[in-house]
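Chain IDs A, B, C, D, E and F follow the sequence of writing; residue 1 opens each chain.
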């Protein structure tokens, strides 16, 4: 019992800190770079991603466990996962557009692009690779999203401050943001070893 | 061999149905973002952005058909406000649309004015008063400086001038900038 | 929007250099950063991505009139995922070592933002030929970014270039490996995650600097052309 | 008749403090710590300070040239030297000379001037330099000496210079002798191997509270730090929060299981905690600005340090704690602004 | 609104956040009793000496005026009247230097003095104790009294507003917290009875039940003088309170915080707490206006600084050239480097000394190189936080500065740029020598400008929409008319008849005049 | 059919899906065999580094058993043991061993032990030791790992089965003792297990033989 709980905790610590999806595993970088200019947008994106990620983690588990594996169709897992994800996102998008137009505007082109957020498919594939059960899959998705949200929000606040610094011209914009992300990754290396048994 | 085909046939059908239904159920008619964009535009109505007035431009931005850097009267500050609202990076004003200028107002040379009313019809904010055949005047406090009354005037009697600033309008220069 | 005719060459350079996904548009960053530890890894993934882009752009362009908005994205994704799974299986069969190194990033080509982005922004609005050229250009541009970053990191990190070429080209290619800095102590930062970010930042900055210098040259060469045209003085 | 005067903006009073003055005070406050360090471990640290300062100034000048900024005011503001000294205090005293070169290249070139130089860097340059060195060249960064009381030899100046520049170690030191496990390292690996803290602490490298020798150096740092608080160069918030949070978290752990957890004072007086609390986490540029923000910042540094010491892959976590909190500083600042008058 | 009953003024002293302890340098100017300088030959009286719009001259070149005669009217009711400081002839009504913070030239009335200094007829009230408070306030208005504490806000408007809101305490601000300035102190020392009387008059005018005169604790002799005067006048509603010498203790909001422990709500006014703050010199001016009927034509001014030979205080006519006052004080020393109107923390530097003394001019400060900051290069902010430590408004100057510099005025407004009182404390302590206070003055002006532009845009949008609506309506009407016409032409027979009739008409026209284009035209008109 | 009907969306999507899946199924059938072969090759390749293929003639990949012994194998789950035979005679085993106490967590390796109790080869499969400090245990970083070859429990003596700092015969790395210590201990444990269970190791039925082939 205690062991199971520490296993779950480990999944969270690992996905959020030690193997942070964005900074260590390199997943979900496009929205990380693209939606990190305004804090409001970053927070909205985090929420949307957390929702989609957890949902897709679970639903792809179900698809894999109850359809693909019994039928021996594992080679179609990428295809079916992404289909499930795309449909989830598309529906979310249409609903959000109606329910919260401002959030929709802030997320801009990135909401449909959650579909093409590697983290989402990455979670589904890694769940299969690491043979997670249902609860673990959900936690894994949630942890990944939390890790994504954490660094996205911190990064956005940093970029807002960068807006009024005297960065050398060739480095303005994306390069300095990337260097900042690099230094964040450097700092996150401090967490290596945290999630080892 | 057939199993995968059937499975995915079902997948496709179900998902397509779900999406089609959602699309109908949650259809959106109007975009309130237009109002927010419009609120940031200077309302000069000068059409330099390439649209017949500020609101059409706002609509075009909301549709994603126009960039945020096409309004010269709004200038840098306006672009920055739009970028803020829309979560994009600010960019310099597109020189094809014109340059940022201080606000100016139209002044009608009352001696030359023939009272043709053409300028009145052109003015988007009803800043010109006068009746047919009578001399016309621009109400300085209403004029947006859009230049639209210039082309129609048959006798070229309208000039654009910078209004004299009141003491209360004085803009203190930033430190380090030359004091005038 | 409309199906205007742009010369195919222009489409290509636009896609491959001016709007380079990796260096300018900043899409497809995950594979760009994750598998650019060496040139060969980058090249492998880059070529796979190019293939997928070509196929997906072509099919999307062919289907562009039949797709309704609400299923557009799922349909694109299906097409892309099919292409990716195909190349996934083929690579497993014929480039197994390389596949082992690239790992999860082969299936993740599906979610390379650049691909769906091109499908949306270009292929869905242009005829098949243009779409194919655009796909090729985008893919090769992405490949270029991968190879450049891979070279930078491999050189800094190991002092070699093209290590592991045999995974791609077979045994004979072992001789391709260049050891530029013998007894390189191994500059670990370049290979670790921070190095990937910083390396790409430096690469983009270098691109900016080159372009800025080019523009300055151009300006110095022909001052009259770029002199601002006076405006607002109404007749 | 009428006189014309040059104008200027209010306030019309002489301005007492300067940036160079502030940095000078920080350097002054480090002197007791550096002196104690030198006494216990030999002149290596002094050589490292000179080396790092030299590199720092060279890189600073190059970066300023490249960015087209005036050299004089920025070279003489002293901030690069502070960065260099703090970096030098973090690396092993006999580390080869190029450690300082790499560290300063990243600290000054990347972490500072890429962001526009003085005052604009979001990350603590010294810590960026240190962490880069730690990750890239871990072998050179683990060559710690034993302190005077238990060392076979405290290297003199000539031996030190030889070691730093040629890599040749003075007799009777061997490579294995200089790659000694530091107290924190022994604690970490010992606890993980299932030994009791008391047992581990029997080793001569431990003193009364922390590492032998290290505890005195920490005291000297604290002295300098308190002087900075008194001179209003830093506020009390960050040091109190760092040390307070470490104590507050390690106390219950120690009370519950003294076998696996060192006592709170041991934590405080080991590794770079005191230096970090008074001199590094207090870096104004990369830290938080408001009092509440500084408390959160400091507590964050303390907590992360403990977590990394206890569960992480590195023996000490101060540098990572500082960098991680640097990341969070803008967000913290945003939500901890003081209540404005009348609001 | 805030529960006023809990506001107790001056029982306990509180501490406002931040602030500075500065060397006050006041003694040098207090060695001589206050005197009047010799009457200058010419006085230039600016029309803009108050917050609000400039007054409008009501005299012309060539007119002769008497001392105290109205020369500038206040038609808008938002500014203040201006009166002739002495008798003489108007020689010019034109633009010239007016000692305004903006440094811009402005409208002034120049009087050649005739040396007789002859008063016009004055109109004092008979007995302020029985007179209707409204009449008292009207006298303040007629006399052109403005606040002499620095902001020169028209006192009538302030007192009137306070009366309407209902206040319980009048706080008389005798803090004079800026270094060097000593004119309020001299006023209280030399004329304590006038100050106390003025306080009582103003209490009646504003409806306050009690009053507190706040002085800094370094002003030793002043307290006993005021207390004695209060006792002699048999007054027990006026209390004298000594407050700590911390700059900017004299700031209205800081003073209120010190005396009550409460903060004036953002966007609110002191009257929201049931108090009214007036400077001592304003109080004296109000007394003179009501009891003596004298308009505001002169003020106490300190001429001091290391750049002046004999620092001292004057009671000088408004419009007196600064050069004249400095000359009367022994002239400049050789080290004189900067000429400041006001104190060293908030005053503004004058470029030339022919500018006139105005109502806002409590001090003419001539500084030497040692007194002012050397022109050091400005360094980037190192975020040391010293500025926010000393800010009495608890602002974060470093962030404000970033936002203003990068043009993010909305962000600056969000973090309460408006709450900055421009005291300059942050500026003084900044190790990077960033002209913070100046940035904030600039930023506030820009923010106001932006607000004006937005208001104008909103206004234009309304006008545009109204016009569009009108045009749309007109179009709709026209269409309706057309539709109705069509309706009428709707049935076939009718149309045929119409066409036939038109042809008929055309033919008729053709017959009348043989010019074919008329037909053409007609056709066009009909179809 | 109504142009706006959800059914149309469903059919379009299904159509594309079916097309794609048909294509993939085709490719899958074409490549299935080759992929399986490649996967086998990859494992065989790794095994060949610890045990030369010319020493045995059986199908190593299918002569496999799972054993559970947390003490020896460093983790609670079952560990895989490959058995090599020549002409049906036991030649060697290759064991998947984990050293749980590396500096940064477990180190997984393959240990090949000849039937006579000497080591045929050791390779690290995965680890998280500090790059630059602990990673000379990888064969491509240094030849340290190859020095186990030919060693056995008699060579060196039990005291010698330790790193030099602990009085043993194996070198530690500069600045890193913990990593090699963990590896040496794990290899020693594997040898001891081999000695104790020699017969059982070769005798047990392999998993493949137990379950009927599909």
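In the analysis below, a contact is a pair of C-beta atoms (placed from the backbone, for glycine too) under 8 Å apart; a residue touches a chain by one contact, two chains touch by 3 or more.
As the structure is a prediction and not an experimental result, all values here were calculated from the model.
Counting only chains that touch, the fewest steps needed to get from chain A to chain F is 1.
Chain pair with the larger contact count among C-F and A-C is A-C, by C-beta pairs in contact. When you average the Cα atoms of each chain and compare centres, the chain farthest from chain A turns out to be E.
Here the chain at the heart of the shown protein, by mean C-alpha position, is A. Work out the mean CA point of chain C and of chain E, and you get 62 Å between them. Inter-chain centre distance (chain E to chain F, centres taken as mean C-alpha positions): 84 Å.
The distance from the centre of chain C to the centre of chain D, each centre being the mean of the chain's C-alpha atoms, comes to 41 Å. With centres set at the average Cα position, the gap from chain D to chain F is 43 Å.
Contact with two or more other chains is made by residues 7, 9, 110, 116-117, 120, 132, 135-137, 313 of chain D.
Residue numbers of chain E whose C-beta contacts span two or more other chains: 103, 380, 405, 408, 435, 438. Each of residues 68, 70-71, 74, 78, 81-82, 85, 89, 188, 192, 194, 198 in chain C touches at least two other chains. Interchain contacts (touch definition given at top) occur between A-B, A-C, A-D, A-E, A-F, B-C, B-E, B-F, C-D, C-F, D-E, D-F.
Contact residues of chain E toward chain B in the complex are 48, 53-54, 100, 102-104, 106, 378, 404-405, 407-410, 435, 438-439, 441-442, 445-446, 449-450, 452-453, 456-461, 463-464, 466-467.
Of all the residues in chain B, the ones that touch chain A in their complex are 3-4, 7-8, 11, 15, 18-19, 22-23, 26-28, 31-33, 36, 84, 86-89.
Listed in rising order, the residues of chain C touching chain D in the complex are 185, 187-189, 192, 194, 198.
For chain B in complex with chain F, the residues that touch the partner chain are 1, 4-5, 7-21, 23-24.
Of all residues in chain A, those touching chain D in their complex are 39, 153-155, 157-158, 160-162, 165-168, 171, 176, 179-180, 183-184, 186-194, 196.
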